[in-house]
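One structure is given below, represented as structure tokens, and several questions about it will come after.
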Amino acid sequence: MSTATVPSKTPPVARVITTKPRFSDKVFRAVVTTGGLSSLVILAVIAFFLVYNGFGVFKSEGLSFFTGFEWVDAQPDAGTAASYGIGAMLYGTLLTGFLAVLFGVPIAVGAALFLSYYAPEWLKKPMVIVVDVMAAIPSIVYGLWGYFVFMPHAEYWAKLIHKYLGFIPFFDMPANAFSRSPFIAGLVLAIMIIPIVTSVSREVFAQTPLDRIQAAYALGATKWSMIKAVVFPYGAGGVVGGAMLGLGRALGETVAVYTVLNLVYDIRIEVLLSAGGNVASMIVNKFGEADAPELKALMAAGFVLFLVTLIVNFIANIIINRTARKG
Amino acid sequence: MTQVISQVSPQKPWRPKLKNLLPEVLGALFTAVSTLLIVAVTPLKGKLGFAIVLIIMSIVVSSLVSGIRRDKKAALNSTTTVLVYIASAFVIIPLFSILYEIFRLGIGGLSFGIFTKDMSLTSSDSPLTEGGLLHALIGTLYVVVLASILSTPVGILASLYIVEVKGRFAGLVRFFIQAMSGIPSIVAGLFIYAIWMINMGNSYNAVAGAGALAILMIPTVARTSEEVLKLIPPDLREAGLALGATQWRTVAMIIIPAAKSGLVTAVILGIARVAGETAPLLLTIGGADAINLNPFSGNSSAMPYYVWKNYSLGNPESISRAWLGVLVLMIVVFIFFSLARFFGRSKGVKK
Amino acid sequence: MTSNDDSRANGEESMKTAKAQVAKASGKVSPSSLADVAANRLQSQTANTVGSTGLEARSIHAWFGKKHVLEDISLDFYTGTVTALIGPSGCGKSTFIRILNRMHEFIPTASLAGEVFLDGKDVYEPGVDVTKIRLRIGMVFQKPNPFPSMTIKENVLSGLKLAQLKMNNQEELLESCLRRAGLWDEVKDRLDEYGGALSGGQQQRLCIARSLAVNPQVLLMDEPCSALDPGSTLRIEETIRELSSSMSIVIVTHNMQQAARVSDYTGFFLSDGGPGRLVEVGSTSQIFSNPKEQRTEDYVSGRFG
């Protein structure tokens, strides 16, 4: 045997391991870090330039930019000043986004459950392709389809809802105009957000630990009672996060909403009426013949939209990441 | 004691057999017949009435069948099963409607001629045999290629930063790239308009459109590349470093070649994501009816712009042109998606 | 079963049993519903030698895809006894017990032949409500798997909720299940904490209590102690001995000492590259002291496996 170790008086100090990177590695790291941080830079630059160009409007309009219902240019002949307020558009954006989540999320969660637990093996792959293809369809296509194909059906449904549920204020109709309503825009947006909500939900459902699922079945659970007891508690956060991602998409959607929503600078609760608002569509609508002051106002509106969607996305991703880590 | 008496064959006794499905088959039949009867007798009419009655009847009948045969929990299980199937049908129906309508409304205008002509000499209400969309295809080609050139380095560097360098801000970068994928496309267009036109004094051109699309493409490229790089086995990395290679050489000569097809997939997926984007192009490329071969100067068109413009013109011929444009646009998008899937698959096989 | 002589003749074994019975008599049993459990225990003690079978497997074969993994297994399980299934890994023990409560069918490629009778009725008969079968044949898994989103109390009662059974006198049931699983004293003051906060051994006993709440006839245990430390293992073994009076317990184990400590009967599974077979089955004392087959002797004496 070799020598026994002599107990040292001082406890061992961990050595600090340092490496002196080669020059090429220093360059490499610098380049990659620059590229990596560019996403932060881009977001910051977007925010800066929108604010920079829209700042004058924020200053002159103040809080009424968010609450005002009017969007009128200055009329030098009539001597009236310009007035820019996106209150109605902001309200309309939130309303259609809410309707999209209301209609879309239950269907998307159902489809995710179908893919995870109900579909026979042979049907899973085609169904995944269906969802992928839906995600791949450009929004202009949804817009055209929504306007020419879907709207006639949806108008008919809206008429039925009004006929039987018209006593509820939301379904009241001050005028006989059912086309291009928040209801229809909400339905089209619902179809558009189904793919992302489905795939996020499916991902979190897939992380449900198998041994917990088996434990539930071994206790005599049916498929549904297993899902209620095991899958939903695990995946609830992810489903909420997915729904918020979907909401973010719905809030920022432009051309698909433009075709199926009639922009009216007013706040109305009647969802079946052909009068709604949407910040993104308004930007496209006003952009064509905007003069310089109005362009600044559009930049300001764009900044508000950017901020709202960014916050919704931040929250959604925090929720999803937390759920994913737990699983 | 372990002697095989006769040849046994594997069975799956838990699979329902036809004769045991009798209650289900009868239930389905009853659902169908009663739905037809109800629609015939009551004032409920049309496809909508039929669909609603069918949904309600299938829920009622299925839960009754299981409730009577088994118990309450079986009834609830059947009800939810029917609901899940209905939800899936609601996902499939719009897609098939969209694809069917694109084909039905777009196929009429499809001819060889549209790929050889532009709209410079054709008025919008002339028949579809006149004019074409070559200018839009060329515009889309320019915009998409330039967007890829702008976004690919940034996207792949970002993924390298997260996976290979694992820098101090890796988590932050990852988080911001996730958030970036939620930027509304119109905001990207507005931003480019602000910086490129208002503040730098340029006018509409294809490069501006490419800049807007690049912003939308970066997150897709970065996130897909990240997934791809994560699939590279760590021992490959260590093998390179253990041979005394620098990190730079390891990445350039081992990691990137190993991930090549995956990175190509990432770029193609990014292209597929932005090729159909409309809103940012409305603010940046200006639109044109003639072919513009110079992406750095002069108004340009693109496929989504072509569709938008013809939809906006609103006469029957131009709307047919819009559907034709949608059909061609969808073909372009699906070619890219098929390419992405193809490259993605070959990567899977190699692994 | 080929041999039915009472295993309790063995010295060490009878000591353990005696201890367990003393523990029972000295008030470890809850006052209410466990009175009849104790009576059951006495009954089954005597019925034991006669051999009342609750669960019978008849010529079970199993496949995964084309691979034949179990060949012609016939085994009876007697109420009031513990049956241990031993054998090297990969010989199909776990597959076999998963066939008993129809968990086998969750693997898409799985198939089987043969019958499993529960009280004389084939559980694979078409039209049988599989959830009812699993209610009567409980299962404890290799890794403790309490539901993390539920409290200790909710975990124990989860079986009732999952099966939508009526729940009167919850508190009483909760206490009796936790007592029978040997966990009551450790958790009685924190029933509203989450199950994940317990130690591994406690979690496994919580899973046992969860299985007991739906009052199964048979309890299947798939290497219940393999993820646990020796102390927790001993606690679970005590629990198994105490539970065996009222039900039939089937335990898969790699640990031969454990089989010897807890079981009345032992079955030895072996695969020689092909499908797993039941080499020998008999009373535990006979298998360990006087096996009929050479291969059994080789295995229990540690010459392979």
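All chains are identified by letter, namely A, B and C, in their written order; residue positions are counted from 1 within each chain.
Definition applied: contacts are C-beta pairs under 8 Å (C-beta built on N, C-alpha and C of every residue); 3 or more make two chains touch, one makes a residue touch a chain.
None of these values were measured; they are calculated from a predicted model.
Participant: Touching both chain A and chain B: give me those chains, sorted by label.
Facilitator: C
Participant: Across the interfaces B-C and A-C, which one involves more C-beta pairs in contact?
Facilitator: A-C
Participant: Distance-wise, how many Å sit between the C-alpha centres of chain A and chain B, to the nearest whole number?
Facilitator: Roughly 16 Å, centre to centre.
Participant: Nearest whole angstrom, what separates the Cα centre of chain A from the Cα centre of chain C?
Facilitator: That pair's centroid distance is 50 Å.
Participant: Give me the residues of chain A that touch two or more other chains.
Facilitator: Residues 222, 225 of chain A touch two or more partner chains.
Participant: Find every residue in chain C that makes contact with two or more other chains and list them.
Facilitator: Only 131, 163-164 qualify.
Participant: What are the residue numbers in chain B that touch two or more other chains?
Facilitator: Correct list: 73-74, 76.
Participant: Of all residues in chain B, which touch chain C in the complex?
Facilitator: Listed in rising order, the residues of chain B that touch chain C are 1-5, 8-14, 16-17, 20, 70-74, 76.
Participant: Taking the touch rule as given, give the residues of chain C at its contact with chain B in the complex, in rising order.
Facilitator: So the residues of chain C touching chain B come out as 2, 59, 61, 63, 71-72, 74, 102, 105, 110-114, 124-127, 129-131, 163-164, 277-280.
Participant: Please name which positions on chain C make contact with chain A in the complex.
Facilitator: That would be residues 101, 103, 106, 108, 131-135, 138-139, 141, 143, 145, 147-150, 158-159, 161-164, 207, 210-211, 214 of chain C.
Participant: For chain B, which residues count as touching chain A in their complex?
Facilitator: The touching residues are 48, 73-74, 76-77, 80-81, 83-88, 90-92, 94-95, 97-98, 101-102, 105, 153-154, 156-158, 160-162, 164-165, 167, 169-170, 172-173, 175-188, 190-191, 194-195, 198-199, 215, 218-219, 222, 246-249, 251, 272-273, 275-279, 282-283, 304, 307-308, 311, 319, 322-323, 326, 329-330, 333-334, 337.
Participant: Quick one: in the complex, what on chain A touches chain C?
Facilitator: 121, 209, 211-212, 214-222, 225-226, 229-230, 233-234
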